[in-house]
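Chains: A, B, C and D, in written order; residue numbering restarts at 1 for each.
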Amino acid sequence: MNTIGHLINGEVRLDDNRTQDVFNPATGKVEKWVALASKATVEEAIAAAEAAFPAWRDTPPMKRARVMYRFKELLEQHAERICTLIGEEHGKISHDAAGELQRGIENVEYACGAPELLKGEHSKNVGPNIDSWSEFQPLGVVAGITPFNFPVMVPLWMLPMALVCGNCFILKPSERDPSSTLLIAQLLHEAGLPKGVLNVVNGDKEAVDTLLHDPRIQAVSFVGSTPIAEYIYSTATANGKRCQALGGAKNHAIVMPDADLDNAVNSLLGAAFGSSGERCMALSVAVAVGDAVADALVEKLQVAMKPLKVGNHTERSNDFGPVITRQHQEKVVGFISSAEAQGASVVVDGRDVIVPGFEDGFFVGATLIDKVTADMSSYKAEIFGPVLQVIRVNTMQEAMQLINAHEYGNGTCIYTRDGEAARYFSDNIQVGMVGINVPLPVPVASHSFGGWKRSLFGDLHAYGPDGVRFYTRRKTITQRWPSASVREGAEFSMPTMK
Amino acid sequence: MNTIGHLINGEVRLDDNRTQDVFNPATGKVEKWVALASKATVEEAIAAAEAAFPAWRDTPPMKRARVMYRFKELLEQHAERICTLIGEEHGKISHDAAGELQRGIENVEYACGAPELLKGEHSKNVGPNIDSWSEFQPLGVVAGITPFNFPVMVPLWMLPMALVCGNCFILKPSERDPSSTLLIAQLLHEAGLPKGVLNVVNGDKEAVDTLLHDPRIQAVSFVGSTPIAEYIYSTATANGKRCQALGGAKNHAIVMPDADLDNAVNSLLGAAFGSSGERCMALSVAVAVGDAVADALVEKLQVAMKPLKVGNHTERSNDFGPVITRQHQEKVVGFISSAEAQGASVVVDGRDVIVPGFEDGFFVGATLIDKVTADMSSYKAEIFGPVLQVIRVNTMQEAMQLINAHEYGNGTCIYTRDGEAARYFSDNIQVGMVGINVPLPVPVASHSFGGWKRSLFGDLHAYGPDGVRFYTRRKTITQRWPSASVREGAEFSMPTMK
Amino acid sequence: MNTIGHLINGEVRLDDNRTQDVFNPATGKVEKWVALASKATVEEAIAAAEAAFPAWRDTPPMKRARVMYRFKELLEQHAERICTLIGEEHGKISHDAAGELQRGIENVEYACGAPELLKGEHSKNVGPNIDSWSEFQPLGVVAGITPFNFPVMVPLWMLPMALVCGNCFILKPSERDPSSTLLIAQLLHEAGLPKGVLNVVNGDKEAVDTLLHDPRIQAVSFVGSTPIAEYIYSTATANGKRCQALGGAKNHAIVMPDADLDNAVNSLLGAAFGSSGERCMALSVAVAVGDAVADALVEKLQVAMKPLKVGNHTERSNDFGPVITRQHQEKVVGFISSAEAQGASVVVDGRDVIVPGFEDGFFVGATLIDKVTADMSSYKAEIFGPVLQVIRVNTMQEAMQLINAHEYGNGTCIYTRDGEAARYFSDNIQVGMVGINVPLPVPVASHSFGGWKRSLFGDLHAYGPDGVRFYTRRKTITQRWPSASVREGAEFSMPTMK
Amino acid sequence: MNTIGHLINGEVRLDDNRTQDVFNPATGKVEKWVALASKATVEEAIAAAEAAFPAWRDTPPMKRARVMYRFKELLEQHAERICTLIGEEHGKISHDAAGELQRGIENVEYACGAPELLKGEHSKNVGPNIDSWSEFQPLGVVAGITPFNFPVMVPLWMLPMALVCGNCFILKPSERDPSSTLLIAQLLHEAGLPKGVLNVVNGDKEAVDTLLHDPRIQAVSFVGSTPIAEYIYSTATANGKRCQALGGAKNHAIVMPDADLDNAVNSLLGAAFGSSGERCMALSVAVAVGDAVADALVEKLQVAMKPLKVGNHTERSNDFGPVITRQHQEKVVGFISSAEAQGASVVVDGRDVIVPGFEDGFFVGATLIDKVTADMSSYKAEIFGPVLQVIRVNTMQEAMQLINAHEYGNGTCIYTRDGEAARYFSDNIQVGMVGINVPLPVPVASHSFGGWKRSLFGDLHAYGPDGVRFYTRRKTITQRWPSASVREGAEFSMPTMK
């Protein structure tokens, strides 16, 4: 009875044989199971979507948008329930879950603008009496595969825009924390979405591969790690689909000598440790320009990190919760130890944190490592844990070379008061999302989310204007009417010649 | 106690000495009074708006938009009350009032897209290391003056866009039916609009002239008759303000020999008689091309008009209600009689309609006049009553010349199946809003409303994209940072050279 | 034979009786005369434009744009001749005239993008099977009235965009230096512009008033002084036309304590004295924040001004030339003297400059006045001469209040290295064109030019995207096709059922 | 000496050992050879491009656009030489080559609008005092692989946009007719393009594979056949690149019973036989709705085809020339024969055409085949020859099912006078480029070119707005300045308190 099923053609379904454990990461206990869809189940979902498509694509955009207005209201009304489900399966503290939900709602709001966003381009007289216009039509059935770290927000990067553009959708959420995702899918139906337009299938590689190979799937959106993103992108495209696949990150903040250090320290805390660092936009490396800055920064961070509390999602005074699995906890701890072994200095150590009452939880405390260097394995990899590493360089140029040389190019930030430094940095850094004194430069919903280099495969970013373009295809019509016909109409004036 | 007041700085106010009767046009009785604002009261409203401006313009567009999301919900919740108020003072049947409200809500929805709509234009490297961008900033305090025929919809053409762009607003609604307008202003406050951002002043010429001359008012939007529109436009602009003033109309439908006549007749009924023809988009002239078409059209219209019912707003089976005043009733009847006197044929005569139980109401029945000619005074003027006139011509060209020669250029329509005729018509007709088999081609909220010729004074149309542009002013910033300064920072690398 | 005529319907015309002297301001001599058009001549021009309109509006935008591509080539080929004509009548040094021409050409280039710029907005399914789109159609015949200080550039702000949008144009250039304007009009014809599409009438108030009152003129663009701009705006709008009227300016640069002073001084020189300060974007007031900055600034300016050379336009080593008339020379000198009399300190005095060989020229030397205050008449008025005034304030806030309190709001600039100061300034200053370390923030051709407050009357700025919108009117078409008709076509399949 | 080389870093190069014959298809003779680039040569080109990138990306878009203005002039000046080269190697008649060139120039014109097209999106106050904007930065080094059938136009679909966006380019033209492509590349250098920004490498699979695998290549644009397009797309994307790969087509025209048949026949001729049908937009199937239409159509076509002349490119009275190779000639003839064998009726037979004086040329005459059915191999495949096939159906619905069922979805057309039929067709047909009475609905340069289904792999179409998006990547910057710093500046007012 604690099994989380699929949502196909408007019905919650449980009928796949295989299931997988769903842990509460704060207790370390399995409290639910999730059904793993077979190829047949996924195909059933695709069939339902395909059947729903003709009517949905013909629904006026204004009407499709109205489902989103109602969906926004329902998400706000059910916020507490959604955050609780996130907390139970992901471990995120309730205020953090609320933030995730809010960011998701902003994408629903953006999708409400469909009548404006779907405007085509109209050209009068491209030739004598010839007009031409481009329409942006839906693709048909599209799929989304989403990660555990934002079980509500990332699906909401995809769903609202894809649906409001007139597509039908197959969502495969993370199998680690699927309940909140399923709930928002149900709310979409309550908001008036016709059956079959959205279908949720829980599953593993079998489900994913079915989606990647089925010819009825026109497009695939993915968010996850880089190796999987690469697999998704190359497989989906080899099957002729369009694809956008977002992968990993290693986000650096340069701290310049003229930075407002208190502001920097204060904002770095949330950016590094919020959600246990399990965010693709987590700020995990601070690059201090000059030892004076580095020394001051490390000292201030140490002080600021003292009151940080890790614990269960229900306690609002906690700053962050556990990481997602036992294995992941071990991996994070391993990176800290390797940094230490390779010569870095662990200034604040979160390896042995114990949360009373939650001794079996997958907790790692906030960790600060100084004097990290580019050759350390803790620097090269995406740790995805509450670990902030400090690298010391002598010049801004050196800091930028470090960032540009890294495999990933998702987000980055510079702390400075200087207009020229900020402009030079934002212009030349090989990263898709840049903050100037903003450590988590996640674009608002009216812009689009996307990294560069191996952080994103594809040519259009997620949500926002790029989302509209990704979920539509251009059709260009050129029209000329042959001759005056009815207008000349000698015959029509005859009746008057009594 | 039945006096309708102003809404200034969030408070309903009654303290002007002068009042004016507010009639229920179905009973012909005065049931309420409306306060008429003095110059001092209007200036108080302007002062409140000016005080509220700095904080409101600095509120992020996304937050301003959220007031609109809540406003939409409240309008939907209070729909019945709003429609009743419209009915009591304007006479519009409840389903028609609901339609008006719905069209108004669509403009609220459009305004929800503020973050997208207010995007500026950013140009990197307009010169070496020089960037330039244009922002669209609010104007400050702006005013709207709205007509009796759409006491809810026309204010909603202006308010949502003006407010969401960051302006503060002074609204002067029609003094004939101000209650529904006041209610929606109150709902906007309930939705979270800060006090002073919107102020409603009821009044007459004194209020209008105060708005037109006060230097704190940056822009004026007006909808009403052409003579007043012209006065508003020339006075506001002579005082250095920007202004858009929408005036009268005479909307023709050409019925081509290949038209789907049943469809034409069916859609003409609502377009001609809906809301007693008191719409600036009312279709008041049918131009039949060829007598065969004319004869068939008149015959079918006659049949279709038989079941039309005129009466009180509360009875949903009624098709339309009274006109707005006794004087207006007499004016409409006068036009019918003059057409008859000038040689036209009154096929269906609504002059002597009696509504049982509402014998003192200002009713005019649906009227069809055939064989109207361009020199008749009933053709030259905007009747603004439930009167459809038929003109017979021999060719489409003749029909178009008639339309192009008319003083007004608000809306028009052609009934045809022929692509070439439709394209030729829409391209060459001197009218701002064109329907192809659509008799009331009111642009949806994501486009903009505006006539040509003497139907609109100004260069930007109402609501939609033009509304955004009207309620903002462009600021263009060009930026170059002088030299590398902190970035070169020889001094900053020194501390590391121990 | 030295009389400069009109260009009507492709022919140069001289047949007006009245003429006016055209001076060479460097010699002080009358060397040419300009014909002053009578009402009849202007009406002839309007008639020619009206006759040319139907064919020109039906010419595909791509073809209209090709006239601009060729026009650009011709302007480049004839650059020397154009600059000489500017120099002879305006006095501008050849390199400055070349700069003016180049800025003008950029607007021609922008107009080449007509096919993109004229795209309308297309909405599929605004209702079931109902589409709607907005087109931007030309207005018809429009007029431009341009000032002496940019006889080539300002006409090129208007002409390319107005023409490429499909309008016909009546240009009334400044009567002080009309030759270069006439030449570019002739080059437009050589580039393939059909006769009558552009007509140039030289003249005075009679010509202007004819344009303002003629009902065939749909829109008026004006650039000049504020009192005339106000007259043009109120008169044109009172006649129901759309109008944009650009007026005077008083452009301030704030010099912050952290400014790169050498950069500031260097760029201020050209911005203050270039073209003898006869530019509406001339930087005429430097506001120094703190006496330390003021002292350093004045000292550095004094040194930098020493090598400045004033003289005849043909000598490229000259920095600037004479002012436009003897009266204007006296006016500028008078402002310097009044500042001195009111207590300011004339640090560098250009009142008595003598240019050898050009003793009768209307020269004023570069002048620097320190310790100017806001109550001085030299501060309140637009001097339009080579005079830079320094005001000393204690805070940036004080500097901004000064600017915001001034009647004009055309351009402004801040010198700083600080990102926050720049952002605060650009956000809150009541000026339309803002420079950050850019003293002459004239927007590039892909943005639009316009001041705020009494520097511009109207709601759309000049050239760029606003120019497109100003020179077009929106037509919104809503289309539904009645029934399947030919598509169902039972009858059409019959022939196959032999 | 008749060997066609590469163009690398501004130098024409011949130093690869391998060459391939280049035929004159009208004579059947080898008259030139083309060098086939080795991996090393391609890598040298990539290195040159990479070295040129930093300076080119920092060149202001307006300056990059000016190279395009000059390029347009040079293409027009060298039109005859370009067309001759096309004729000699491709066989296209000179007027057809001129048309190809003109279409290419239109893309150069579009690229001239770079300052407008590259505008980013700027959002003020996404949060309190937080601004965000998106820039569209160049990708770096990108590659284009182009087909034999448009050796000038297709490269001009790619080059202008890619270059003006700031990218460097490696072009691999068709090895069958590389001379005209090389010439336009040289003209681009003459127009001012810096060395290394564009490099041309001739070659075969070795060159292609080098481009597909080299990590320095950021994006690949391809136009050719579907099997190769699929290989390019899957290989490029598997290597993490963005890719757009345009493949084959089978373009149908529906001829409705109400069509203007003379217009249809007239325009079909050019669409079917122009350029020997070797166009991806060639109209190769006419679907007649009803036998009456079919009979009339076939009869009229037969008559209209009589005067068609096939021959050498130099003779302007010829309608079209040879096909590209002997093998291709045999393939086309084979398809005609197979249709005949499978039961279709060859009404006009071009199989045995002999061109006097060019007996060894690869000619096929204009061929009309009636009563083709969907199961014939001549219907399933893209013939790419001067062959028009007629299919007979009973209803429009049947015609549309045929089109929607075909593998390709490049272009299509309907001949009708009926607005409803046209709208229904354009809305529901699964084809990317739709003509209404326009048989070759190639989008103009301000729209974008792209088919649906297996005619295009990728999510962005070629050239136009999609081209801009394809050749740029979005960078989103979010900016907040920490505190008032210099603006508060108590210290700066101190110096004045002496």
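Rule of thumb we're sticking to: a residue touches a chain if its C-beta (ideal position, glycine included) is under 8 Å from a C-beta of that chain, and two chains touch if they have at least 3 such contacts.
Keep in mind that this is a model prediction, so the values were computed, not measured.
When the partners of subunit B are compared with those of subunit D, the chains appearing in both lists are A, C. Repeated interface, listed pairs B-C, A-B or A-C, reference B-D: A-C, with more than half of the contact pairs matching by residue number. Each chain gets one centre point, the mean of its Cα atoms, and the points for subunit A and subunit D are 35 Å apart.
Taking the mean of the C-alpha atoms as each chain's centre, subunit C and subunit D sit 42 Å apart. Each chain gets one centre point, the mean of its Cα atoms, and the points for subunit A and subunit C are 47 Å apart.
Chain contacts: subunit D has residues 62, 115, 119, 121, 123-124, 126, 134, 416-420, 422, 436, 444, 446, 479, 481-483, 485-486 touching two or more partner chains.
Those residues of subunit B that touch subunit A in the shared complex are 62, 65, 69, 72-73, 106, 109-110, 112-113, 115-117, 119, 124, 129, 131, 256-258, 289-293, 392, 394-397, 416-421, 423-424, 427, 444-446, 479, 481-487, 489, 491-496, 498. Of all residues in subunit B, those touching subunit C in their complex are 121, 123, 126, 130, 132, 134, 219, 230, 233-234, 237-238, 240, 242-243, 259-260, 263, 415, 417, 422, 426, 431-438, 441-444, 446-450, 452, 454, 457-461, 465-466, 469-470, 473-483, 485-486.
Residues 58-62, 115, 118-128, 133-135, 137, 416-420, 422, 436 of subunit A touch subunit C in their complex.
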